[in-house]
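Quick one: this structure, given as structure tokens, is what I'll be asking you about.
The first chain written gets the first letter, and so on, giving A, B, C, D, E and F; residue counts start at 1 in each chain.
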Amino acid sequence: MGFQYLAPPPFVHQSEAADPNDVKVSEWIQPWDGKEQADVGVIGIPLSRSSISASAASESPWAIRQSWRYFSAYDVDHDIDLTRLKVRDLGDIRMHTTDIPLCHRHIEKGIEEVYRTAAKCTSFLPVMIGGDHSITCPSVKAFVKAHPGRKVGLFQFDTHFDVRSLKSGGPSNGTPIRGLLESGMLRGQYIVQVGIHGFANSKIYRDYADEQGIIFYTMHQIRKQGFAQIFDESFARLSRKVDVIYVTVDLDVLDLSFLPGSPGSSPGGLYSWELFEALHLLGQKEQVKAFDMVCLDPSRDLGSLSVRTATHTFLSFLSGVCSRKN
Amino acid sequence: MGFQYLAPPPFVHQSEAADPNDVKVSEWIQPWDGKEQADVGVIGIPLSRSSISASAASESPWAIRQSWRYFSAYDVDHDIDLTRLKVRDLGDIRMHTTDIPLCHRHIEKGIEEVYRTAAKCTSFLPVMIGGDHSITCPSVKAFVKAHPGRKVGLFQFDTHFDVRSLKSGGPSNGTPIRGLLESGMLRGQYIVQVGIHGFANSKIYRDYADEQGIIFYTMHQIRKQGFAQIFDESFARLSRKVDVIYVTVDLDVLDLSFLPGSPGSSPGGLYSWELFEALHLLGQKEQVKAFDMVCLDPSRDLGSLSVRTATHTFLSFLSGVCSRKN
Amino acid sequence: MGFQYLAPPPFVHQSEAADPNDVKVSEWIQPWDGKEQADVGVIGIPLSRSSISASAASESPWAIRQSWRYFSAYDVDHDIDLTRLKVRDLGDIRMHTTDIPLCHRHIEKGIEEVYRTAAKCTSFLPVMIGGDHSITCPSVKAFVKAHPGRKVGLFQFDTHFDVRSLKSGGPSNGTPIRGLLESGMLRGQYIVQVGIHGFANSKIYRDYADEQGIIFYTMHQIRKQGFAQIFDESFARLSRKVDVIYVTVDLDVLDLSFLPGSPGSSPGGLYSWELFEALHLLGQKEQVKAFDMVCLDPSRDLGSLSVRTATHTFLSFLSGVCSRKN
Amino acid sequence: MGFQYLAPPPFVHQSEAADPNDVKVSEWIQPWDGKEQADVGVIGIPLSRSSISASAASESPWAIRQSWRYFSAYDVDHDIDLTRLKVRDLGDIRMHTTDIPLCHRHIEKGIEEVYRTAAKCTSFLPVMIGGDHSITCPSVKAFVKAHPGRKVGLFQFDTHFDVRSLKSGGPSNGTPIRGLLESGMLRGQYIVQVGIHGFANSKIYRDYADEQGIIFYTMHQIRKQGFAQIFDESFARLSRKVDVIYVTVDLDVLDLSFLPGSPGSSPGGLYSWELFEALHLLGQKEQVKAFDMVCLDPSRDLGSLSVRTATHTFLSFLSGVCSRKN
Amino acid sequence: MGFQYLAPPPFVHQSEAADPNDVKVSEWIQPWDGKEQADVGVIGIPLSRSSISASAASESPWAIRQSWRYFSAYDVDHDIDLTRLKVRDLGDIRMHTTDIPLCHRHIEKGIEEVYRTAAKCTSFLPVMIGGDHSITCPSVKAFVKAHPGRKVGLFQFDTHFDVRSLKSGGPSNGTPIRGLLESGMLRGQYIVQVGIHGFANSKIYRDYADEQGIIFYTMHQIRKQGFAQIFDESFARLSRKVDVIYVTVDLDVLDLSFLPGSPGSSPGGLYSWELFEALHLLGQKEQVKAFDMVCLDPSRDLGSLSVRTATHTFLSFLSGVCSRKN
Amino acid sequence: MGFQYLAPPPFVHQSEAADPNDVKVSEWIQPWDGKEQADVGVIGIPLSRSSISASAASESPWAIRQSWRYFSAYDVDHDIDLTRLKVRDLGDIRMHTTDIPLCHRHIEKGIEEVYRTAAKCTSFLPVMIGGDHSITCPSVKAFVKAHPGRKVGLFQFDTHFDVRSLKSGGPSNGTPIRGLLESGMLRGQYIVQVGIHGFANSKIYRDYADEQGIIFYTMHQIRKQGFAQIFDESFARLSRKVDVIYVTVDLDVLDLSFLPGSPGSSPGGLYSWELFEALHLLGQKEQVKAFDMVCLDPSRDLGSLSVRTATHTFLSFLSGVCSRKN
């Protein structure tokens, strides 16, 4: 395809029991030829050397793609035929074996390259599969540059604030929001965080979030008022203030029993159904222009529980996007 | 016991810490002597060579029986003493090592044999433990023949429509409903399916289900309106049209986090409590005359989570049946 | 520290990625010097030779302490900074390799020793980490002796009644409540049990519980009326009758999918969020003067799901206690 | 490629860290275009529905191919550059989902088709990757037909005699040698079995093997006299009697600690190094004209131990074949 | 059967694919009727509460019996048909849930009871399956009493000396030899230990063994001189001094890669083949009059590696005993 | 201790069943106070971000230290009391979260710092626990600088040559030997590699090793001539040419069945006993002045097999060093 910063997508295996009456996601999402009009572009970002503890989240883009064969490209829950949406696989951002800052620059430049290439598409929405949460910082930077003059909002599902100081340890999976705020790329008031949870954050970071004007909702609020209501309120508060929205999902927002394969998941988190429905609704919103999903470490999975949950999250978003086309 | 198509039941281990004040299910359910009046007969159907992908669901009847020692024969939730119900183990349908069509004929003939033998019981309800879902086709055929002149309904918990074409691959775990419809044994309008879920079915099969008049409820409907309401509505719609009902539970209707041991389970499925309560209610209904439970592959279990959940489902149904006796 | 029956606490590892802005529980909870005023004392009780089936619940105090490094000492859900509470680790009750009755005597005497030592603290609340449920019998005995002339109540989360007869097998993890009733230390009317569940108890034990006047709530009641309402009602009924309350949590009250690491957990149990919120509320109550948590076997865990859920339960209680200080 | 009975080979992943100086097996073995002169053709036979107990050996061709990326195409032990050998992947024999006898016919016809197609190659050696041992019966039948007028010998590594009667259960993984003898395709005197082991065979089958004139060597003989000597002797005895030799390796001949992923492996079996060296030597022999390797069930593996050991066995044979070219 | 201290043997499952031409061990070893002449009696001793660290070795008698279905009652390596030996299962010594000293008394009395009952058998050899190594102390005491006036020798395979002081922790799995020496039941010169290994023993215990005159062989000696030679020498030294010999195998003598399911196994231990051959030879010796096998914890197994290795050890001994009958 | 580049050692847990007569390695090896004369210093190097594929070898120093409690400080095989050797734990080289080249500089400077500090010790031998093999390059650089004017030899156990080009991916676990040769720190003729194995290396790298004059021995040579002979020959060839020797053990030299926890281990490798004996002998040699052990990834372990094997390797070396003291 000729991207400088992206390697072509890996081969994706097809279902071992092909059924012509049942199009699988692995048959539907094809490599992009770099020319055709595409609605959505999938970009793998296999970086997890930047994680605070040893992580194989770098294997996540591969694992999620290989699980596509187990899912149909039809959402019977909302009666949406996803094959109407042209989704193309753009491949993985090229990583260096040992130079992490270079990796972060590659991510920013690689996504900029995608935006340039996709500029000719009437509407193009990139979906980034991490990797750890450190990738969101360069990815949002590229997003902001691609939307000059627009007010950019961030809608984040996360157990953590992710505002750890950059001074100790450099840009890691604990720092993406701090990195965006400190670089001036994003304003705190334009950030909404849903799923912040007890015993996974410090008071100092909460105070920092408050100072910066970040709007956040804890699991306690979610369980008291109900997820649907909190979600509607949180999206409404963000959408009225900004022009375009970047959605980032740290999968550790899910309860540890639904997503054992993320070191950050904690007991008492979101149920997978709640996340699926929220992503479907976000996919429907015209303001939402980019989506990333991070911090799944397939090597820690139990059976295929975490990987399949991540893929279902990804498909729920695409199903929402598809419904924009009517 | 003298059945031609059934091998005697395997030995079932007793609790290692027998307590005379606490009758375990393994002590309560005894092998049938073929003569006594029994209320319920348990029949194992250890077939999974017919599964589309490699499966050891054939070990499920054995695994579920061995887990009986961990459960008491008393349902404190509904204050029901299950030992009042005479449940007998009829053993397993004999399978051939390499001839799958012969296995399916054995299932149909074996269950017919059971119905003939049980005809002398004033009321007898068979419970079939699969095996994969392909067993439901011959089992329902035997059921229909045993209820001549009655309108037969099927109440199905399933993530999938199970209406895959019989032409590719023959009768497998993807085809039981298609097989019943095409053989004329069952009418689409007399089938209710609960738990149909996104990214696990194709539009073509949904359209086929619609054409056939199958009544189905998706997980989205269940989560929007609440499971209890959907269940009541779905049962009401079926019960008023038919005379007798066969209940089939594909355990993959459960959320993957509650039932990791089924390759078909998906994220966003039913919670186990919902299934337990529904089975308890179905067990209470006089119209319900047979029950099967399929597609648990014990070799994929995590700990004993899936096997214990399957056994709890089975007991919830029996607890409901027991309450008919008052 | 000079306790006779307690060994000093084991070393607790700190987070591998220390962040001065985020105090971890492992940094906050320090060994007690035996002199300072402490609000809460943590006592490990590593006994599981007394379990009916082979168990490594004796490794639970160690496993839970080591998991502290993964949790922050701040509860963002309720905006409570736990470091305001002085929690100290008193170590583990010394166990004998082969003499189980001696172990039970050590528990009783060890906790008495703690109460004596702590008498000088203006308010001191012990938290016991088992071990199996047999430890609750000697622990409550010591509690009763430490509150002479007060009416003592027991608030218990459990799947089981735990009233197995002491005659077969001696005092084990199935007998603690029976042991307390038979020794006259506790009256049945002062015991509340929440989470009693089907197929895990016998009718004889239910009848015994009724005779003794134990107030219990089943999972069926909880799912029908909602956990919050049942919890409020159950606590109200107990609190108006007694002066001081001992809270005991058998972790098997949790659904098997949330706590696979306890042999007693069953499908259809409590969700972890419900338990967390209840413990937070119990922690707030002035009447609550002691807390134990038992029956986690870390060797049966899947990933770290069960251990982390247990630690979160423990922290939810402490967060509630901390809010008493305002 | 236009084979009737073979599906094209699956995509084989390349090493994630490609190094131009280190050609991996996954880069060296390419799909066959059906025309070029090839030295060796790899044929997958994904059948294990024919196994006596539930097996996923059908996933073995896929698992072994995917492990190719972890192995270099250079044998430093014997200084052999395997890329000098043209090895091509012919794909997998097409299987039916439910008709096992049809699968066995497909294997026989599929391999016949390969022999016909390969007739134009000056020298062509097929390597079959099972599946379970039932595949060896149709495969050897096709081999015999492809070598008319030649005396055909079978060199077998196996823990078992594999001469179970065909009457109970039909042709399964316990019957391949019996099937070949009874069909008259092979004479007992032309069969050598190495690795026969205690407590894994019956006296009746040993007597049958003796009657048929099968030459076999037990593990006891191997450990007393040394493997190298037994191997030399066994090969010499066979090679002087026959014209061409088919080598079949039931991987359960390996000690359970080296190959946990085969239900038939037993303690006290061959060490992997012994098998590797023997296969290298067999590969060198001009009389050896075909090779199959069976009974690895990847779903039972511990880590990747069994799959990697199987792949190493396969490469050891090819390394021997490569040395014929000098 | 009427033993006071033994519970009847548990049901043993038969092979799921019964073959009349292949008698499995599970078919051969039957429960004893207490009257018939038997050659060998199997006695389970399910005690591991006495282990220093948490252990489920108590599940070993059950696990080993259930694995019998996977083994044939024919030893093709030595051409011995084991069914000629009458082996009967006497059941398990009854254990108390919480009273460990009582368990040890039960073992001693239970085995005495067996010796009395078996006195009428012309030749009777008991085989004890532990449990942990603490069971060997009461078992040898009963053995000594059953052979009055005879010089009793102990042939032990073990990584450890097992001479830990009884003062700390009472009689545990670290003390059986010390217990026998201190009770005067056995003299040090009549004890041979094979497999003693580095970093698993202390100098003090080695000095104690030397003082007591225990003859021991380290793994270093075994690897330098060869196992066969060491074995012959060690047996010769013992057999010339004593009249009758009790063989005890602590399975932790095996290398950790062959027996992962014992906490005491260490790297650098015996290979399973060596142990099998030694046990076969010991079985042949007329002086050998009893055999026990301990310290397998099935809950720590990887796949079925450890359990199958233990069963193979057990069968190797019986195969040797069988050859005495000629 | 005041090292700039080293963090103090982590706390090491003691045996849960302390026995005053059996000193455990965890009691013997104490943190260094930076002043006392020590014989051996242990240095952890927790770096594995530099691995080609995702690795948690960074957890190896921690895992190995924690396993010390399971080993006694006495080598009964060679009758050596290790406590006579003063071994001190110097802690771990400090790593940066995201800057890998900085990590490599820290290793070099940190070990230089150790050599400077230790200069006052009459004889001091550092033992480095990786991390991945990339750490050997900076570690040997520091070693060379600490031995000015001496001819430095490298004795390496490894499956691989480790001479991958530095150009692709920078200094990783595939490049340490190349890095040393290209930097001129080491001459090829002064390098001996034992254990080089088939299908794990390329011809190009073999040719490079030959050109550089590296002396290497393959597994084939080892199995043909016997390990003991190869080891003696290889050491003799190196020792006569150089003054001082650095020993590096890539644990992937071990057979995959003995060390499943290293991604580089392959079937057909060394047996653990061979490595233990070789390390014991190397420890005895006065020329040997440093030792590192790398590429164990504890997160891939099966049970504790790999970690315990690594610790046993480490202790075998120290036992050899201890024997120098006589």
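Methods note: contacts are C-beta pairs under 8 Å (C-beta built on N, C-alpha and C of every residue); 3 or more make two chains touch, one makes a residue touch a chain.
Protein names from UniProt, one per chain: A, B, C, D, E, F = Agmatinase family protein.
These numbers were taken from a predicted model, which means no experiment stands behind them.
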Which contact partners do subunit E and subunit F have in common? C, D
Which neighbours do subunit A and subunit C have in common? B, F
Chain located farthest away, centre of subunit C as origin (C-alpha): D
In steps of 5 degrees, what rotation angle do you get fitting subunit C onto subunit E on the CA atoms? 180
Quick check for the class: compute each chain's Cα centroid; which one is farthest from the centroid of subunit F? B
Geometric centre distance via CA averages, subunit F-subunit B, whole Å: 58
Just give me the whole-number Å value for how far the CA centre of subunit A lies from that of subunit F. 41
For subunit A, which residues are shared contacts with two or more other chains? 17, 52, 97, 168-169, 257, 302
Chain adjacency by touch: line, ring, star, complete or other shape? other
According to the definition already given, which pairs of chains are in contact? A-B, A-C, A-D, A-F, B-C, B-D, B-E, C-E, C-F, D-E, D-F, E-F
Listed in rising order, subunit F residues that touch subunit C in their complex are 10-11, 13, 17, 97
In the complex formed with subunit B, which residues of subunit C make contact? 52-53, 164-165, 168-169, 174, 196-206, 218-220, 223, 255-257, 260, 266-268, 300, 302
Residue ranges of subunit B in contact with subunit D within the complex: 48-50, 52, 54-56, 58-59, 96-101, 168-172, 299
Which of the residues in subunit F come into contact with subunit E in the complex? 16-17, 19-23, 25, 71-79, 81, 257-258, 272-273, 276-277, 302-303, 305, 308-309, 312, 315-316, 319
